[in-house]
Amino acid sequence: MLICSVIGNVWATRKEDGLTGLKFLVVQPVQLEPDNPIQPAFIAVDRIGAGLGDRVIVTKGAPASYIEEKGVPVDALIIGIIDVIGRGENGD
Amino acid sequence: MLICSVIGNVWATRKEDGLTGLKFLVVQPVQLEPDNPIQPAFIAVDRIGAGLGDRVIVTKGAPASYIEEKGVPVDALIIGIIDVIGRGENGD
Amino acid sequence: MLICSVIGNVWATRKEDGLTGLKFLVVQPVQLEPDNPIQPAFIAVDRIGAGLGDRVIVTKGAPASYIEEKGVPVDALIIGIIDVIGRGENGD
Amino acid sequence: MLICSVIGNVWATRKEDGLTGLKFLVVQPVQLEPDNPIQPAFIAVDRIGAGLGDRVIVTKGAPASYIEEKGVPVDALIIGIIDVIGRGENGD
Amino acid sequence: MLICSVIGNVWATRKEDGLTGLKFLVVQPVQLEPDNPIQPAFIAVDRIGAGLGDRVIVTKGAPASYIEEKGVPVDALIIGIIDVIGRGENGD
């Protein structure tokens, strides 16, 4: 999973079926430390209440689509809001 | 999901089975802002009426193939037409 | 899906089960225009009669494996032979 | 699968459902030899007791999610702790 | 699928369940010609008897995991040993 910062929002009225009600955020993949960008920002689904500035764990690809039984056409999902991350035993 | 601009069309008469009737567009992945290209253009399926110049949300990989129960051999799908996107709370 | 040119052939007698009879071609991903290479050539399955020099649409990843019910261990499939592709409304 | 070194830990209290109890580690993809970094560090699930400094085999994408029948929304899994790896017949 | 050369071996005693008995090799993705490296070496499963120095076809991602009905947590599989590959009609 990627380490990302939440940096923005996106609104889209016209969408594929089955996406209604999902929240889409703009996330920026970052290095472990310092948290410099490592690739361009992209869009991920959030169902756990992530907010701007949060550092989050993002799952990409098919596993991001398992949020419903039959699969949803999304390829990025915020799966955790990071409390502590870092090098070494204690994550710092 | 990638942020892309719709830049062109593609026609292909000879195709794999199960693709008849699908519309294929050329999309260009772009940065959040400014919308400079970040990787080469590729081809995505459109089922929501995206048009040239639209900024769209594109899902890649297996989740793009869920448009039919048994899976269709496509790996990119336009899932939303962007109204507003940007940094910060209000998407601007 | 990637825009590719068909540039060569590959023969492999010893193969995983379930691949007998499949045709493998060497394809070169190219830019929309001009059609310069954008990444190294790779191998894709062809079931629609693509030939050397054809410009084709290639699906990668799991959706390329749907050519049989239970999935075949291939990750790239030629899904269309391009008639016309380009920028703008008419594909040119 | 990628060759990685385990370099850190990550804690996330707020998570997607179905992830409780999974251990997340920070892993650094490295070259075969010398073990220089080849891409930015990312987060992988560990169920086999990998520790800091271990060199491990990491599976990415959908196969990493097969740890439960219905699939779990994770895209990286440590599948082995490397004893010996290298060029040539004896792995050294 | 990628064109790779088999360059080494890897041993891992401690592994995820379901991987016992699988042979893991180190493979190096190469250009079509000359066969220069195009990205770092990685690890792939071999079930067809590939050996050091062989040029092989490697499938990545979920299709590599279809070697058992329920899916195995591996993301790279050697699917063929290349006899001849090259540009043009005759693969040379």
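Note that the chains are named A, B, C, D and E in the order they appear, and that numbering of residues resets to 1 at the start of each chain.
What we mean here is this: a residue touches a chain if its C-beta (ideal position, glycine included) is under 8 Å from a C-beta of that chain, and two chains touch if they have at least 3 such contacts.
Treat the numbers as computed from the prediction; the structure is a model and nothing was measured.
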Between chain A and its twin chain E, rotation from the CA superposition, multiple of 5 degrees: 145
Centre-to-centre distance between chain C and chain B (centres being mean Cα positions), rounded to whole Å: 19
Distance between chain centroids, defined by C-alpha means - chain B, chain D (Å): 31
Residues of chain C touching at least two other chains: 61-62, 64
Chain contact topology (line, ring, star, complete or other): ring
Chain ring listed from chain B, with chain C in second place: B, C, E, D, A
Of chain B, residues touching chain C in the complex: 7-16, 19, 24, 26, 40-44, 52, 61-62, 64-65, 70-76
In the complex, chain E residues that touch chain C: 1-3, 29, 31-32, 38, 47-49, 57, 59-64, 66-67, 77-91
